[in-house]
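First up is the structure itself, then whatever we jot down about it.
Chain nomenclature is as follows: A, B, C, D, E and F, assigned in order of appearance, with residue numbering initiated at 1 for each chain independently.
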Amino acid sequence: METVNILIEALPYIKKFHKKKILIKYGGHAMVDEKAMDSTARDTVLLKYVGMNPIVVHGGGPEISRAMDKIGKEPKFIEGLRITDRETMDIVKMVLVGKINTEIVSRIGWHGGNGVGISGKDSKLIEAVRKAPHEVINNVTGEKKIVDLGLVGEIRSINPEIVNVLTKNDYIPIISPIGVADNGETLNLNADTVAGDMASEMDAEKLIILTDVPGILADPKDPESLIRKIKIDEIEELILDGTITEGMLPKTMTCIKAIEDGVSSAHIIDGRVKHSVLLEIFTKKGIGTMIKS
Amino acid sequence: METVNILIEALPYIKKFHKKKILIKYGGHAMVDEKAMDSTARDTVLLKYVGMNPIVVHGGGPEISRAMDKIGKEPKFIEGLRITDRETMDIVKMVLVGKINTEIVSRIGWHGGNGVGISGKDSKLIEAVRKAPHEVINNVTGEKKIVDLGLVGEIRSINPEIVNVLTKNDYIPIISPIGVADNGETLNLNADTVAGDMASEMDAEKLIILTDVPGILADPKDPESLIRKIKIDEIEELILDGTITEGMLPKTMTCIKAIEDGVSSAHIIDGRVKHSVLLEIFTKKGIGTMIKS
Amino acid sequence: METVNILIEALPYIKKFHKKKILIKYGGHAMVDEKAMDSTARDTVLLKYVGMNPIVVHGGGPEISRAMDKIGKEPKFIEGLRITDRETMDIVKMVLVGKINTEIVSRIGWHGGNGVGISGKDSKLIEAVRKAPHEVINNVTGEKKIVDLGLVGEIRSINPEIVNVLTKNDYIPIISPIGVADNGETLNLNADTVAGDMASEMDAEKLIILTDVPGILADPKDPESLIRKIKIDEIEELILDGTITEGMLPKTMTCIKAIEDGVSSAHIIDGRVKHSVLLEIFTKKGIGTMIKS
Amino acid sequence: METVNILIEALPYIKKFHKKKILIKYGGHAMVDEKAMDSTARDTVLLKYVGMNPIVVHGGGPEISRAMDKIGKEPKFIEGLRITDRETMDIVKMVLVGKINTEIVSRIGWHGGNGVGISGKDSKLIEAVRKAPHEVINNVTGEKKIVDLGLVGEIRSINPEIVNVLTKNDYIPIISPIGVADNGETLNLNADTVAGDMASEMDAEKLIILTDVPGILADPKDPESLIRKIKIDEIEELILDGTITEGMLPKTMTCIKAIEDGVSSAHIIDGRVKHSVLLEIFTKKGIGTMIKS
Amino acid sequence: METVNILIEALPYIKKFHKKKILIKYGGHAMVDEKAMDSTARDTVLLKYVGMNPIVVHGGGPEISRAMDKIGKEPKFIEGLRITDRETMDIVKMVLVGKINTEIVSRIGWHGGNGVGISGKDSKLIEAVRKAPHEVINNVTGEKKIVDLGLVGEIRSINPEIVNVLTKNDYIPIISPIGVADNGETLNLNADTVAGDMASEMDAEKLIILTDVPGILADPKDPESLIRKIKIDEIEELILDGTITEGMLPKTMTCIKAIEDGVSSAHIIDGRVKHSVLLEIFTKKGIGTMIKS
Amino acid sequence: METVNILIEALPYIKKFHKKKILIKYGGHAMVDEKAMDSTARDTVLLKYVGMNPIVVHGGGPEISRAMDKIGKEPKFIEGLRITDRETMDIVKMVLVGKINTEIVSRIGWHGGNGVGISGKDSKLIEAVRKAPHEVINNVTGEKKIVDLGLVGEIRSINPEIVNVLTKNDYIPIISPIGVADNGETLNLNADTVAGDMASEMDAEKLIILTDVPGILADPKDPESLIRKIKIDEIEELILDGTITEGMLPKTMTCIKAIEDGVSSAHIIDGRVKHSVLLEIFTKKGIGTMIKS
């Protein structure tokens, strides 16, 4: 009987998001831990079956570094961005497209969903330009040096037709965050940014970013201090006073941009919590932090 | 959290009945008690939103008798069938189409569904022929007499196009059980039979008949003796040994016919139990009696 | 041979209204007299078959009062509007939807048309708000009193999708003039107003209102004084000088509003004349009064 | 009022042939006399507007001979078939496609129809093979000689797609009776045969052949002796006993073949009678001779 | 191997004009010489098969005069326009529609294309008005006289639906340059003008006019002085200084108008060169003169 | 001019394969050498643009072994099949889906095609079962042992919907040869077999297998002894007499099976020859060996 009462309670949410697109960024724990991965895939399939249109973008940082280790290549980062030479780019592609994406397709298929994995290269879904080399100042020594990140790109435009074709034909698209340059070269992209831009380009109703923290914390040291709801213009202050710390900053910026571009709400939620996506969508309180305009 | 676990448990059922047609016969308590009516309507809307295609056929006996009382006309029955003269037929139409059907449309609309009420007369959905007068023997006196039920009909053919058009355009069709004769006359039909024939004509996956008993009982006097599952060929015995009593007999026959005509399963369930339709569809055990081939 | 000459003469009208929507308000005599009803239904079917898209809105005042009489309830009116308590509303629904609408569907079906009866409640076709209680002054005594008409509504918005779906699929929609309030309650609506608003909402080419008078009369006492054609701005004068009398006033206002909202022409015609609808459409002179912008 | 009564009388015919294809062979008088031509064109447009799908095939013998005269070329016939050398074929094409067909398109356009003229060559609508030279015996002298009719063809196959495309898009197709050979050459075809074969290939409901006689006559010399209705198997006798004379024989054979191939009825009617097509379709008696299976 | 290299070289052109409409005016040599005609037809079919949408407009002056000769009627021209009495108009129609158009359809069919011949009269594709009689001054004598060209028209509007229907259904439309007047009369039109107006109305990518000269020549007497590319505003000068001579003037004006109305490029090319259409489309240099905005 | 002549010569082939599906197996040289890869990609794009529907299946053996080397894992084969433990399977997926497939998508995109890379796991395109462990006899020692190839699969069924959706929407599908087992596990498949089965499942017109030999050789040691054309029943003999040697045997068997399942022709061609695919399709002689029924 409880089953049924809960279904009935879910009805308003099912109605609200009927036929709406929900962009889910798989990240952190949900990309590493088998169970978390599986629970997230099942959530995604359920959204599809109750009439929504989930679209998945996945990340994959740790797995890439692990693959580099295996062949004895040391991962290098500057300002949180991976320096990507041609050999690294090959590993990035293989891990993202060949391993993680197919893994997600598997799990979604296992739960009865029709997942189709694509990358930003397929029919030029994501056109990108290489990030120009730029000057970086060492905070300690004051030394300046020119940094070239290699094959790291910035999104220039999105051609969403293939995603629309898949969605319209009842498939769940799973997107690997790489892009294609004018010269045909593959570029490494930030997965959060891809998720955000894809959300606005697809007129998504919601952007949900899975992380390994509860959301934006009023006191970064106190996991109990979760901010449940925040408006775009309230965020600036939190950035200025250092509440939104480095790790959270780019995710927050991605959410702000998506909302400014028309996405109704953006959510930073804890992928370590089982079924966090469903908790976000089907409970009044939600989980994590909701950002609205 | 429980919310979400239960949703996850519902997923296999949602998948199983995805885009399938579910024919629900509203009857008994669910047509009388405000709360039961409302809970049934809400269940129906939920089925629609999670991707199934519910089609409703409703009954209305008690309400018709009440309306006749009001104008001082005495309802008469022979063998459970209402003797229907022209004036009675007018009342039947007014109550079924004008009162009960619009009431169901209201409740479905209230819960967010797009209900559209039609009757068997709309675009000749149900073509019927008048039941021929026939001889009846009084069990006690042995007296024979010819009985003419008047404007009571038997279904000759169903033209389901209008129901298909409504279903395909995402409406929930709500059907009043009257038919149209060759001469244009309206005929009173048995609602269970309409539900059963409509289920087979529409290639429904399930026929669910709401009643005021728990289902088929092994011992008609013991409500605890519910038979949860029974095959068509096991039923005959129950009829012969008097287990299936008079009130249940026509409903059982309707179920058998529907299954023989291709409906996957038929269910006689207790409309007095709140959310009985959802309990039937979303729990492993179901409620009431399931009849299969 | 004459047959054929007349068909040939009809061709220009058939061409002119090809695929156009024609909103016909069934009223007065055409709702009471069997023969008139039948002739109007046949006219409607003919329009459909020669390529136009008739949409029917019906009234039903006298029949409602008769039904109230039967159960010993006295009909009450203030300023021509029926005071509608809950019990009355039930009778209104039963008579309009259950009796009159099904009757029209029958007759249309009889002549080979695919009629589908709906009410303003179906998929919330007509959303309405309850008319607020308001002060009325007795012209004679000068006495003021607050009048509450009960469940009488005013149209707030029309969601014409269901009518479009029916029309596109070659059905003839027949609409009962009731609406649904925000709280789900049924409200009694003026049928002429429903016809007018539906005509503009559906981009109808013509609005035809069937009445029991020849049309607008230059001298209300002289049935020979019919005004055949009148422009919107000429009507005001007729209202001021008392030519357009009370009964005709609301119909005239409905016509004006429909034309201001884009309907090409509105017609007030005599439903007592056999085949008046066809006479209006297929003869140069037409019958009744034509109102144009 | 009469107008309207007649429209009402036409309704059953309009219903009966709703969306049905009617193949009309324009011939004889209706291809020569301006008024007859015009009346036939208007009839055709009317059929289209009241919901049928007329398809026109035209002939043109006399006009071709006249054009040949103009350039001083003598028309020659053997067994009623025109001996067609290359120069003659050019004239045939020019007269049929360039003159008669465009003339019909004009008249249909004038009455508000969207006629599109095509020939059997367009997208290889009619593939034909040249009639082989064959022996002919002179009935009088008993002399035998080999006759080569030149570019005269027999229909091998019909590719009706273009006619379907035109019909589905609400155009009236007007077809000139020429065909294309395997080698690309144009072949002269018998227009009646084209009409008959086209009728069966298009699953037409009716084949109507316009001639200059009242129909099949019981006594060929007595125009009053019209046979109104005849079955296929009754015709054989009439052929054997010489009732069906030479001129009528091929038309009759065409009708029989069309009916055997699935056309519901075939009609040989008098094109000299004004609006003969409408008289045939919209009156109970029809005109001319109806042939049924 | 060369075959393949050349196909590969053609790829960029095939891509560039993928699904684009190409309006080709068949004229001059390409309408007279069998081989030229055939090569042009084959080019047209190839364009269709490699994914473009060719639309053909043809001329036919010389053939018309020849046909007039045959019946002993002298062709007369004023200012390059044929004086067209009713008899001449008949010949024009017969030659254009009945002979040249069917001939082109034949050749296109022979090479595997689905050509459908239509004229400006079909479903009123080209509506025209008769050119008003106007005063002409004899350059030599200074004498003035009123000239009436008879049934010569100017294009008033184009209803391109039929061409769109044909193109969308994979047919190649072949259009004869005649128009229909308000009174239903056929009017003789300039084929170049028809081609130009059709190109803009259809949003064609290219207008290609086949002539009997290499293109616009810098020195009209020197065929080697071909201008390969010219902008609209450079042309005026050439007209003023007499470089663009009388014969070329109207074709040039047609090209300018088409480009001003949105066609991307217009080409005047030499139809005497075999496969000139393909040379224009598939080589970098093209042939003839290209006019751009 | 030559350009154009060759295009004209290509027309019959373009017509013949219009809208037909061509299954191309990329293998050998064409998967290794940059230039060969690029030329094959360009060929594929050209086929798409001239109206055919190419579908690509790719292999990748050598690249997989190279990737294994990099992480110090030794590739092992039994009877030409790779022993695939879980770690190897991960590498297979990464190389096939993440590296080779994206590389092909890149090259196709570079030449203007809309490639979309998928694997047999996407929406369960290829369902497979694990090859059962089986006994192998050492030819030399006569020793028997049970061999378990690990995650190597055999195709059980193909669900081609996703490939159809992509093809219909004008994408070029590029398929990696892995399959999904009932338990969700990824299985390594033989790419030739995938190509063959996909060809029959998709009703392809042609199956083209790119290899590193000229085709089937009458004398395996003499590259000049190419068999240009062979029928299925002639092949058996060649197998028996040892002409078709080990390397060629499975490819030949794949071709035979495809043809028996309805593919019109299968081709084993030399991927080392530049533009070999186009040479096969656009020249009369073709290249390599053609196998027909």
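Following the convention adopted for this analysis, contacts are C-beta pairs under 8 Å (C-beta built on N, C-alpha and C of every residue); 3 or more make two chains touch, one makes a residue touch a chain.
The model shown is predicted, which means the values in this text are computed figures rather than measured ones.
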Minimum number of chain-to-chain contact steps, subunit B to subunit E: 3
Rotation angle (°) superposing Cα atoms of subunit B on subunit C, nearest 5: 180
Farthest-lying chain, centroid of Cα atoms versus that of subunit B: E
Same or different residue numbers at the subunit C/subunit D copy interface, by half rule: same
Centre-of-Cα separation between subunit C and subunit A, whole angstrom: 57
Centroid spacing, where centroids are CA-atom means, of subunit E and subunit F in whole angstrom: 49
Overlap residues in subunit C, where contacts from two or more other chains coincide: none
Overall pattern in which the protein chains touch one another (line/ring/star/complete/other): ring
Cyclic ordering of chains (reference subunit B, direction subunit C): B, C, D, E, F, A
For the subunit C and subunit B complex, residues of the former touching the latter: 67, 70-71, 90, 93-99, 101-102, 105-107, 109-110, 114-119, 121-124, 161-162, 165-166, 169, 171, 178, 180, 184, 186
Touching residues (chain side subunit E, partner subunit F) in the complex: 1-12, 14-15, 18, 42-43, 45-46, 49-51, 111-112, 274-275, 278-279, 282-283
